[in-house]
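Two complexes, one shared chain (subunit A), two partners (subunit B, subunit C).
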Partner chain A sequence: MTTVSSTTEADTRSLMWRRWVQRHGWTVGIWLILLVLVVWYSTLIPRFGGFQASTIIAGGTAWVFLGVAQAVVVISGGLDLGVGGMLVLSSVTAARFMDGQPIGVVILIGFTIMVAAAILNGFVGWIIAVSKIPDIVVTLGSLFIYQGLALMVLPKVGGGTSETFRWLFTGSGTGIGSNPWPTVVIIFIPVVIVAWWLGKTKSGLSLYAVGSDTTAAYLSGVRDVRTKIIAFAVAGVFGALAGFSSVSISGVGNPTTDGGVLTLNSVAAIVLGGVVLTGGVGSVIAVVPAAMILFFFNPILSALGVDPNRAQVIQGVLIVLVMMVAGLLEWRRIRRR
Partner chain B sequence: MSDTPTVLAGQAADPTPKKLSLARRLATRPQIALLGVLMLLILATGIVEPAYLSVAGLRNSLIWAIPIGILAAGQTILMLTGGIDLSIAMIATASAYVTANQSVNGTVFAIVAGLAVGFIAGSANGIGVGVFRVNPLIMTMAMAGILLGLFSGWATTIFAGSTQMSDFMRTLGGRNFFGGRIPWAALVWAVVAVGIIFLLRKTGFGRNLYAIGDNAVAARLSGIRVWQVLIAAYAMSGVLGSVAGLLVGGRVGAVDLQLVGFLLLPSVAAAVIGGTSIFGGVGTYTGTILGALILGVLQSLLTFLGAGQAVQQVLYGSIIIGLSWMYSRLSAAQ
Partner chain C sequence: MQDQQRHILTAEGIAKSYGPVVALRSVDLSVEPGEIHALLGANGAGKSTLVKVLSGVVRQDAGSASIDGQPLAYKTPSDAVRAGIATVYQDPALIPDLSLDQNLTISGLRRVEIEPWLERLELAGFDFGRLVRDVPLATLRLIDLARALALDPKLLMLDEITAALTPEQTDLVFDVMRQWRAMDRSVLFISHRLGEVLSICDEATILRNGRDVAHLSLEGVDELELVAAMLGEELAGTGPASEPSAPSLVSSVADDADVILEARNLHFRGRVNDVSFDLHRGEILGLTALDGQGQDELFALLSGDHRPTSGELIVNGEPLAAKSPYNAIRSGLVFVPADRQDALLPQRSVRENLALPLYNRISRWFGLQSDESQRVERAIDRLDIDTRAASQVQRLSGGNRQKVTLGRWLVDDFEVLLCFDPTRGIDIQTKAQIYDLLREVAASGGAVFIYSSELREIPLVCDRVLVMYNGAIVHEQAAATATEEVLLVAAHGLEVVES
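For the complex of A and B:
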C-alpha cells in the first residue's frame, strides 16, 4: 500500500485501476467461481429451487462464520486453532440453556453466549500478547480446554433450541426448509459489520497494521496487546455464531464434535479466500464465498456421482492446487517489485 | 556446506563460540526445569495412587509416551525447519492399515509396505512444501484429507482383507521383555531417539535443518539446497509416523481408520512443551522426549484422579499453555 504521486491524470487512473485489481481481484474472482459453481450445480441436478439453495446456504453458514473468525485473527498476524472448539462449546451451551425457552429468553441467552465467547477468547488473545508464546501453541491449548468445557456443559448429545431461533439460521423451524433468505440475512449482517469495521475504523485497521509488521505498528502508536485481544474477541463472537448455526441445523448440541477438524476447514477457507497466513493481507468479503465453495464441493461431487471417499481426495488435491497457484502468483508479484 | 568460501567461515568463526555457549545455556536450563516438572508429576501421581510408583505403574505412562514421542520426533524435525506435520497421525493410521492387511504376505514385507506408505506420503508433503512452496499447515492438512479419503475407499476394495496385526507386530507393539518389565516398543523408541539426536547434533543434515528454520533465505544463499533438505525432512517425518502407527497397531491388535488420530495434537504438544519453537531454528529432541514423558505421566495422573474426559481435556490444554509459558519465561530470563 504505497502512496505514489503521479504526473498525469491518465497515469493516475491506470495506476488506480491496477491497484484496484491487485486489491480486489481475488475477491471478485472467488465470487465469480462460486457463481459458476452454483450455475453448474443447478444443471447437474434435476431441480434446483429454494430447498436446494436453502440446504446449501444453511449448511455452509457455520463454515462461513468460522472462516471469518479465523480471517480476523490471521489478518492481525495470528492463528486461532481454538475456533472449532468455540463452535462446539457455544453450540452445546446454546442447546442446553435454550431448550424449551420462549424466543425472547433464547435471544437473550444467545447474546450472553456471544459476550462470554468474546471475553473467553479475548482472554486467550491476552495470554498470547503478554506471554509472547506462539499463537498456535496457546490456541492448541484453548482448543482442548473448549472441548473439555463443552463436555462439562453437556455430557452427551442433547438439548435443543426454539423454532424461531432455528428459523433465523436455517429458514425453517425444523432445520430443513425452502426459504434461504433468513440465512442469507443472518450471514450478511455480521459479515458486513466486520468488513466495515476492518476497513473503515481505526481499531479495525490496526489489525492490518499489527498483522503486517508488529514492531512498526507498535512504534507508530498502535497498541498491540489491545489489538490482539480485540481480534481474538471478535473471533470468539463468530465462533459462537457458527455454534448457533450448527445447533439450528441439527436441533441438538453434540459435545463430541471434533473441533480440530472444523478449525482446519476454517484455515483452508481463509487461504482460498486470499487471506495470507503471515498476516496483514486479506478481506472477509472474499472469505464468505471461499468457505461456501469448500462446503459446496460435497454436494457438487455427489451430484456428479462421485463416491464420498473419492470426493474427499479430490477436495484435498484441489486445495493443494489452489495453494500452488496462489504461491506462484505471490512469487511473480515479489519478482516484479 | 563444503563449498562455502573460507573468508566467510573465518569471519563467522569469531562470534560463533560466544553465541553457541549462550544458546546452549538457553537450551539446557529449561530442560532441567522440565525434568523437575516430570519428577514432580511422577511424585504427585505417586501420592494420589501409591501403587503407581512401581514398574507396572511407570510402564503404563511409558506406553502412553512411546507413540507420542515417536510422532513428536517427526514434528520436532519439521518444526526446526519452520514447518509442521498435521498429516502424521493419518500417515500412521494408513501405515498400520497396510501392514495389518499385508501381514498374510509375511511380516517383513508387511512392515516394509507400511513404512513405504509413510515415505511416499511424507515425500509428497515435502515436494509440496519444498518445491511448490505450499504452506506446511495447508499441505499436510490436505494430505491428511487425501489419505483418509483414499483409505476409506480402499478399505472395501484393494485392502479389503485382514485388519489383524501379525503376532510379531503384537509383540513389538504390546508385549514386554526383561521379565515383563520393559515394553519392546520402548526399545524401538530408544533406537529412534539415538538416531534422531545423532542426526540433529552431529550431521550436516541436522545443521541444515536448523539453518533453514533460522533463516531460509540465508540458508539458500549459503549453498544449502533447501528444497532437497525439506523433502528429506518431510519423508523422515512420514516414516517416523509409520513407525509410531505400526507400534500402536501392534498394541491394539486390530486396525481401523481412527487408530492414531487422537495422538496428533499431543504430538505437537510434546514438541512444544519440550521447547521446540514452532517458528523454526530452536529445539532439541531431548526436550521433546521429556515433553512426551510428561504427557504420558499426566495421562496416568488424570486417570488415577478419576477425572472424566472433560476435566482431562481442560487440564491438558491448561498444562500445554502453562508449561510453554514457563519455558518462554525461563528462556527470556537468560
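For the complex of A and C:
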C-alpha cells in the first residue's frame, strides 16, 4: 500500500513539476537572462551601484509599462499600435497640468489622466469591436491622433511636475538618484494587480478566452465587445503610467517624442516575454524582465564599446535568435506529445 | 397537478435565414418536464440552427419560444443559461489555452459544483490544472457535459454528444441522462445514431427542410420507421417534381474503363477507416454521408491537405504521396472546396479566375497560348454569367461563383475533379447548370468525385454512389437506382434491404 501511494505521489509531483516548467519556464528563463545580463554588466563597468541600477530601472520603466499595455491587448487577440502615442499624450498632459502644483493636486491629476486614458483607449477598443475593422488599422489611426493631440496640449517641450511625483518613478526628485526601490515598487504594484486580475478573475480570464478561441469564448458566455473595451482601457492606463515615468525622468513633457518607435519596442518586449502574437497565451510577469532586457541592450553595448550604429543591428539579431530558440523549444514540446 | 400540464420548452414558428439560405422555415417544438426528447432530421434539416436559436447563439427571424412559461429573449448565450437552458455543442466550448479551473471561473462555476457530475462520469479526481488543449476530445465532451449539468438547467441540449465517445462512455452519459429525467428535468438529444435515440429517448420531433414534419412517441418505433419519418410527406408531394430532372445526362461508364484514381485502405486518425474505392475515367462517383462521418477528412486526404495514417492513393498507376495540395494538383487531383471563397480571387475578373490554373506553369506567365485563350472564352460563354458582374468575381452570386470554380477546370487539364458539396445553398436553376458542367468536365476526359449532403441530387448527377458512416464506406450502388430512402437508411449505418 505504502509503496503504491508513494509512487503515485512521486508521479504527481513530477507531473506538477513538468507542468510548472512548461507553463512558467519561459518567465523564469527571462528573469534569469536579465539577472545574468546585470551581473555581466557589473563586470563591464568600473563601478556598479545604486546609481547605475536606478538609472537603468527608471529608464526601463516606461518600456515595461508599454510592454504590459501591449501584452494585455495581444493576449485578448488584438494589437494596439497606439500605446506609444498614449505615452506621449499622457506625458505632455501631465507636464502641462502638474507643473507647479502641490503633490496632492499632482496625484489627483495623475488619476484623472489614467481614467481619461482608459476611457479614450477603451473607446478605440469599442470602435474595433463594433466596426470589425482590424485592430492594426484603427490603432494606427489612434497612434496618429494621440500624437497630434499631444502637440495640441503642449506645442513644444516644456511643463513639469512635482519632485515627489518624480521620486515615485525615479527614486529621486531630480530624476537621477541612487535609490532604485521606489521605482521597483511603482512597477510591481500595477503589474501584480494586472497579473492577478488576468489569471484569477472572470473578467481577466475572458481576455485569454477571447484571444484563445473566440467561438468557444462566446459559447461560454464571454461578452466579446465588453472584453475588447476592457483590454484597450487597461492598455490605456498602462500607457498613461508609461507617460508619467517618462515625464518623471526628464522633468518636462516632449510632444515630439516618436510614439511609433515606442510601440514597436512594446511589441518586441511582449514577443521576448513569451506572449503569443495570435493571442490567448502569455504572462505579464514575463514582460517586465523582457522589456528591461531590451532597454538594457543599449547600456551594455555602449559599455562594450560597440558603435551605436551597429548596436541596433546586434539588438535585432539577438531578438530573432532568442525567438528562434523559443520556437525550437515549443516545436520539441509539440512533437513529444 | 398543473406542473404536469406545463411544457418546459415551447417553441412556435421559429424561422431563421442566413442571407438567401433558409435554414428554418417554421418549427414548432415542445418538451415536457422529465422527458428525453430527440431532435432528428437529415443533413440541412435545420437541427443545428434550431439549437443555436434556443441557446442564444443566433437570433430567430420569426417565431417565439418560452421556457417554463417565461418568454425567451436572448442577446447572448449567457442569457440562455440564465433562463435555464444549457447546451453541449458539437465542438467543446472550452477555452484551449486555459486550464479547466480557469474555464470554470469563466462559466461562473466552482469546483464543488462540477465535481459530483465528474464523479458520475467516472472522471473523479480529474486534474483541474490541466490545459484544455492537452485533454483528449472524448474527455472534453464529458467535461463539457458535467459543466452544463453543474449550471443546473431546466433543459439540457446535447448536440451529437456521443460522436466522439467510446461505448462505455456513451453508457455513462445515458445513465446521467436517465438520472436527469428522474429529477424531472428535460433533455433535447440530437444524434445521427438512431439505435441510441431509440434506446434513450421518449419522444421525437423530426425536422425536414426547416420544418417540423413529425412529432412522435418512440415507444415501439424502429429505426426504419424513423428514417421514413425523416423523409417526410414531402417526398411523395412537391419535392422531386420541382427538382431539375436530368437523367439523360447520366452516361453509363463501361466497367473496363481505366481506373484513374484508386484509394487503397485509407486510414486517418480514426476518422477515416479503411476506405478503398476505384474511380474510372469519365465517371462521376458520388459520396454521401450524414455530417461528420469522416467525409471532410477523406477529401482532405484526396486533395493533399492531410496525409493518411496508412493506406495509399494511386493516380494513373502511380502512387501519390502528396506533401501539400500543390503535389496533388500536379498529379491531376483538383479540389473544389465547400467554401467558394477559398478557391477564388474575389477582386479579379471571371476571365482571370478561369485562367488561373494555367498560370501554374511558368511558361504561361507572359501570356496564354491562343488555343488556351479560346478555351477560356468558350468557358465564359458556357458559364452563362451576366457579363456586367464579370469584372469582379466578388459581385457574383454564390451559384455563379460556384460555376466559376468548376468552369476553370474546363480550361485546364486535370485527371480527377474533387467537389465537396458544390450545390449547398444554391438555387435550383443554377444547380441544373452545375450538374451540366460536372457532366461536361467528366466527358472531357477526366473523372469526378463529388460529395453531396443532398441525397436527392445523387441520382441526378452521379453514375455510382458510396455511402460513408463512421469513417467507413458502408454501401455502394448504381446512382440511378439510389433513392433518397435507400441512401438515408445506409447513411444511418443501417442494413439496406433490397426491395
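As a working rule, the second predicted complex is superposed on the first by the 323 of 337 C-alpha atoms of A that agree within 3 Å, B and C clash if a C-alpha of one lies under 4 Å from a C-alpha of the other, contacts with A are read in each partner's own complex, and residues count from 1 in each chain.
Note that in this section a contact is a pair of C-beta atoms (placed from the backbone, for glycine too) under 8 Å apart; a residue touches a chain by one contact, two chains touch by 3 or more.
The shown structure was predicted, so the numbers you read here are calculated from the model rather than taken from an experiment.
**Q** Have a look at where A:Ser142 lands relative to subunit B and subunit C in the superposition and call it first, second, both or neither.
**A** Touch status of A:Ser142: first partner only.
**Q** Let me test your reading of the model: by the given contact rule, A:His24 touches which partner, first (subunit B), second (subunit C), both or neither?
**A** In the superposition, A:His24 contacts neither subunit B nor subunit C.
**Q** Looking at A:Arg226, would you say it contacts subunit B, subunit C, both, or neither? Reply first, second, both or neither.
**A** neither
**Q** May I ask you to name which of subunit B and subunit C touches more residues of subunit A?
**A** B
**Q** Would you sort A:Thr201 into first (subunit B), second (subunit C), both or neither based on which partner it touches?
**A** Only subunit C is touched by A:Thr201; subunit B is not.
**Q** Classify the contacts of A:Asp307 with the two partner chains as first (subunit B alone), second (subunit C alone), both, or neither.
**A** Once the two structures are laid over each other on A, A:Asp307 reaches subunit B alone.
**Q** Which partner chains sit in contact with A:Val281 here, subunit B, subunit C, both or neither? Use first/second/both/neither.
**A** Touch status of A:Val281: second partner only.
**Q** Touching subunit C in the complex: which residues of subunit A?
**A** Result: residues 16, 19, 199-202, 205-206, 208-209, 211-213, 215-223, 280-281, 337 of subunit A touch subunit C.
**Q** Report the residues of subunit C in contact with subunit A in the complex, numbered from low to high.
**A** 55, 57, 76-78, 81, 87, 89, 91-98, 102-103, 105-108, 129-130, 134
**Q** Report the residues of subunit B in contact with subunit A in the complex, numbered from low to high.
**A** It is residues 84, 86, 128, 132-135, 137-139, 141-146, 148-150, 152-153, 264-265, 268-269, 272, 277-279, 308-321, 324-325, 328-329, 332 of subunit B that touch subunit A.
**Q** Note which residues of subunit A are touching subunit B in the complex, please.
**A** Result: residues 127, 131-134, 136-138, 140-152, 155, 260, 264, 267-268, 271, 277, 307-317, 319-320, 323-324, 327, 331 of subunit A touch subunit B.
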